[in-house]
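Given below, in the form of structure tokens, are the structures.
One chain, chain A, appears in both complexes that follow, with chain B as partner in the first and chain C in the second.
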Partner chain A sequence: MSFDILFNQFMSGIARASLLFLVASGLSLTFGVLRVLNFAHGSLYMLGAFVTYSIWKGLLIPVVGFYIATFLAALVMGGIGIIIEFFLLRRLYARGWPEQLLVTYALVLIITDLVKLGWGGEFLSIPRPVPFKGAVSLFGFPFPSYNFFVILLGLALVIFLWWLVYRTRIGDIIRAAAHDREMVAALGIPIPWLFTWIFVLGAMIAGLSGGVAGPYGAIALGMDIEIIVECFAVVVIGGMGSLPGTLLGSFIVGQVYAFGIMFKPELALAFIFMVMAAVLIIRPWGIFGRPER
Partner chain B sequence: MVIQKMEQNESMVKRGWWLILLLAGAIIAPHVISDFYLVILIEALIMSLFALSFNLLFGYMGQLSFGQAAFYGLGGYTVAMLITKVNFNFWLSLLAGVGVAGFVGLIVGFFCVRLRGIYFAVLTLAFGQLLFVIIYKWHDFTGGDDGIQGVFPPGILKIPIVYYYFVLLVFIASAFILWRIVNSPFGHTLKAMRENPERTEFLGIHIARYQLITFVIAAAFAGLAGALWVPFYRSVAPFYLMWIKSGEPVMAAILGGASTFFGPVLGMFIMTFIHAYILGFTHFWPIIMGTIILIIIFALPGGILEFAKVKLKERQERMKSAKGSP
Partner chain C sequence: MKRIAVLITIVFVLSLLVVPMVMAQAKPTPAKEPAKAPAQAKPVAKPAAPKEPIKLGAIYCFAGPCYMYSESAINGIRIAADEINAKGGIMGRKLDVIVRDTEMKVDVGAREVKDLILREKVNFLEGPCSSGVGLAMQVVHSEYKVIRVTTMANTEGQVVDKFTPYIVQIVPNTYMEAKAATRYLHKKVPTAKKFATINPDYEFGRREFAAFKEEITKLVPDAEILYEAWPKPGEKDFTAFITAIMAKKPDAVHSSLFGGDLVAFTKQAAPYEFFKTPFIALYDLPVLLALGPDAPEGTFGFGRGCFFMDPNPKMLEFVDKYKKVRGAYPDSWAVQAYDGVYLLKAAVEKAKTSETEAVIKAMEGISIDSLRGRFTIRPLDHMGSVPCYQGTIAKDPAYPFKIWKDISRVPGDQVWRSEESVREVWKKTGVVR
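Right, the complex of A and B next:
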């Protein structure tokens, strides 16, 4: 096998890893701070994709229409995030995590049907936006230039989240709250509001990545479950609630998928889970994870 | 501890009469209800067995598995493939379904019992999805997304009412075995591990080994449920293994009450009958199921049986204090 094929596969793995990071980072952030594993994160991503489609279709603005639609969809998802956190999750923090998990599972079911009701069961697609319409040649192989946009956006999100978590006062509070909630509350910081905004941020990231996923693949029912299961693999490999872990996990899963598909397409997903099992034997809490207390 | 034991014995005596009543009802039921509800009743019984297997992990071991459907599906697939591909004996196929589910449960459980809480839930989910993906994509061997059709039970078991009595028998036997397990020293050790893993470990109990055994038992009973379901519906499909399916016993346990033995059964019966009723006029079942989950969690914390228990206790105490005061 020649180098150029491998490099091409590597690059498509990077693009996939980037999209995975976009989605998984929101999941990981929410888990890290709220200690709530949001099953419905993939559903927010799917809803984001459908909302982006509708706004894009309604706006009919050439060139920038898609970008505006994605941005607006992220805001809409943020609004839905407020509703979910404020009316559902907030009332469950005192109860056990199984109830929280089940509530987000209920949301998966509800959002699936809402999407079915609102948009029908058809496949929708958004054409790749300017200036990422065509393909560039990588060692003679065509590589969709939109993938570069996804990669760049992933990098931008890495930098933004790193800045937010490690370089701001909010970030100090986030890290402290992830470590010891009571102590942070005792210092007079309103934990409930912090939780709301973190959840909203996670939901907005989900919406944004859903919008970005539109031109990357197809917009269809079932994309929620497809992505959330891969995201679980990402956070389990990297360590739940860890930002560097999510980044590394996305990279691993993206690459394993890209090379797995070349090797044996029908088992590409199975390879991901095998890698996950291997990581878990060595480090049950993921590469960057902490043992639960 | 002793008092608790006495209370338990007392409640067991009390429980005796309604168990007999339920059993009598279950025997008469197929002669009273319509064919449609007979089918639903069979579904409810099989799914209840599935829910009981799940609750062995959730209610007694204290770990939430979100991958239980994988074992259910494996049991079903084993039966379907043995019967359609090699024309294997039906009864041995059922046993093989249990065996395969239990064996895969041993491998998966080996990894999963190292983790607890939410990590356990995610890992079981991931392994469940792995098994789902393998069956879904391995078209040549499993039929992929087409599933397998034409899985017929032998002879008179093709008649729904006969199959009903067969399922009832298996259900009662399984429920009895599970009941004995959770009330044996083994079961008490499980509960001790749930309440205080560290202290239990100090007592010299190998937690991982106990949990692995429990995991395998739960997987085997889930496999039995799947193995019963598939010949009844004559077909199997990959979505039987999916995590959405795994959510059903979770929901049944929370709905009926995970802290009681029969809570998940009650939950599953309610769910199955609501499902059958609702499918009569809409196919938007998930949204209704989701809404029911939200209502239960917010309105009935602890589930229906737990709620009833608390209410009953309150009433008894009221009556006691009413008697006490002149």
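Right, the complex of A and C next:
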């Protein structure tokens, strides 16, 4: 097994990790602040992908059409995020986890049926956009340039979220609210609106990653559940609500899967959940998480 | 701060209003109506027959990857039923279609089948999409002695391992399909000795792999399978599988990936120049439509019979009709479901009754002229000698999407499991016949 083959497999793992990070970061962000486990996050991602497709198809602008469509889809998902937060989630913060899970799961079913109504459930595809159509050469091996785009976008999102959470006044409030929301409310900060905006940000990230997933693979029913299961593995390993944790979790899941496929393909998926089980036993709150109070 | 927040809210709300308008123009195909689940078929011209209608329970899986295929099947069934009813029904009896949804779940499928039989009192069943659901259903309708024609779920388990007289299969089963595809791959690359495979990790994929392995060992005695990839159904990212396969440098790759998974795989594999290696998979109409310009020319595909695979006059007539009603090209799933209705009609007319045992007797050995040419139901295991199709992806100026060239049509009786082999399996699984 030569170095270049291993390196190539490593890069496959990185590409997978980037897409996972894009989706999981939104899930982790909403959980970290709102303390709501949003089961429907994957559904927002799926809806984002379908909306991106339709806008892209409707715009018919070559080259930049896809980027505009993805951006608009993220805005649309933000709008849907406002509705969901204002009419549903807001009423659930004080309730227990079982109710939150039930309601967000109901959303999964509703969004699935909305997609069936709107798009008829066929699988769709967006061709890879210019200039990320082909491949670049890495140690003599081709590496799809669109994967680089996804990796760069993942990095940009890390930097943006880090800047937002640790370097701005809003970030201070977010971190304070995650720590003790009553105290922050007592200081005169409108917690309900803060929560709405956090949820909207999460929904926009879901929409953005859905848009990016269009050229990456296929847009199809069932992509919501497929991704949310892996995202849960990511946030459980990395630690719920932790940005560095999500980054590390995505990296671990991506690499374990890539090398699992290479050496023991029939067990590749099982390896991920073995790692997850191990983390749950040794450090139930995840590598970078903090124990529930 | 507050003003900015209000402004952003307005932008969001506006984006919600504007985007549906853009999307309305962008409807991919016209006249795409979501499946009306438990709705009745519309009778076109009601014959003045007071006789009791014949009821057909169409039970498919309106979920996940099966949704679109199931919708196509229902379209095919409705077109067939409308045609039949317009001509006076079956022996003067109207054909009623009752649609049910299994949600692609084994337990729901079993429950709905029971309900169709006990409450709706259906005479016959057609469906489902998922092989796993089909196997679960078979236990129920066999117990109640109702015939099911399977036009889509194609695991060999239904007619071989778990055979009962109440099943008829008119879709090439996993064994026939993979065997025929393997022969085509061998014919195209006769020198290939080292193979890799990539199959979805469930009933269907495992059976296709087993049949490929059996056939390639017969064709190339020193064949070697270097690597088996088993992605889960619905996998979104095949990159790691692709690099792992390419690291082994196989001469050719066999696959039974289909639908959205195959679309994702193809787009992710192309930048790696994967398609320089001969590759065969289920590149049928919906996949070629979705891929558009991304469909890899020169790569091999197999399929179950749509217009470009078998452009006979009967098929082309059906295409025109389907396009008029649905506004799109029919895929093989619609073709097979349509054939299923006409098979039932032929069997009932031969038996001169809709009574189950008589229809089974009539079904055994019956031949019908279908959209895919003439096929016969083998009396032993109720497998139809339906053709398997293979081809090479190519451009055609007549269509806005890529289709196949070098098409091979393998009649089912050339690739199906021999009767002795079927009996041998039955000895193991305890089927007595």
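In the analysis below, the second predicted complex is superposed on the first by the 292 of 293 C-alpha atoms of A that agree within 3 Å, B and C clash if a C-alpha of one lies under 4 Å from a C-alpha of the other, contacts with A are read in each partner's own complex, and residues count from 1 in each chain.
Methods note: a contact is a pair of C-beta atoms (placed from the backbone, for glycine too) under 8 Å apart; a residue touches a chain by one contact, two chains touch by 3 or more.
Computed from a predicted model, the values in this text were never measured in an experiment.
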item	value
Which superposed partner A:Ala220 touches (first chain B, second chain C, both, neither)	second
First (chain B), second (chain C), both or neither touched by A:Leu269	both
Partner chain(s) touched by A:Lys116 [first = chain B, second = chain C, both, neither]	both
First (chain B), second (chain C), both or neither touched by A:Leu101	first
Which of chain B and chain C A:Leu37 touches, first, second, both or neither	first
Touched partner set for A:Lys57, first chain B, second chain C, both or neither	second
Touch count on chain A, higher of chain B and chain C	C
Partner chain(s) touched by A:Ser12 [first = chain B, second = chain C, both, neither]	second
Touching partner for A:Ala233 - first (chain B), second (chain C), both, neither	first
Common ground on chain A, meaning residues reached by chain C in one complex and by chain B in the other	116-117, 225, 266, 269
Touch list for chain A against partner chain C, complex	5, 8-9, 11-13, 15-16, 19, 51, 54-55, 57-59, 72-73, 75-76, 78-80, 82, 116-125, 127-128, 133-135, 141-147, 193, 197, 200, 213, 215-223, 225-227, 257-258, 261-262, 265-266, 269
Contact set on chain C toward chain A in their complex	5, 9, 11-13, 15-16, 19, 22-23, 25-26, 28, 32-34, 62-65, 67-68, 71, 201, 227-230, 232, 234-244, 247, 259-261, 263-264, 267-268, 271-273, 286, 290-294
Residues of chain A that touch chain B when the two form their complex	35, 37, 88, 91-92, 95, 97-99, 101-103, 105-110, 112-114, 116-117, 225, 229, 232-233, 235-236, 240, 266-267, 269-270, 273-274, 276-277, 280-281, 284-285, 292
Residue ranges of chain B in contact with chain A within the complex	58, 64, 66, 111, 114-119, 121-123, 125-127, 129-130, 133-134, 137-139, 242-244, 247, 250-251, 254, 284, 286-287, 289-291, 293-294, 297-298, 301
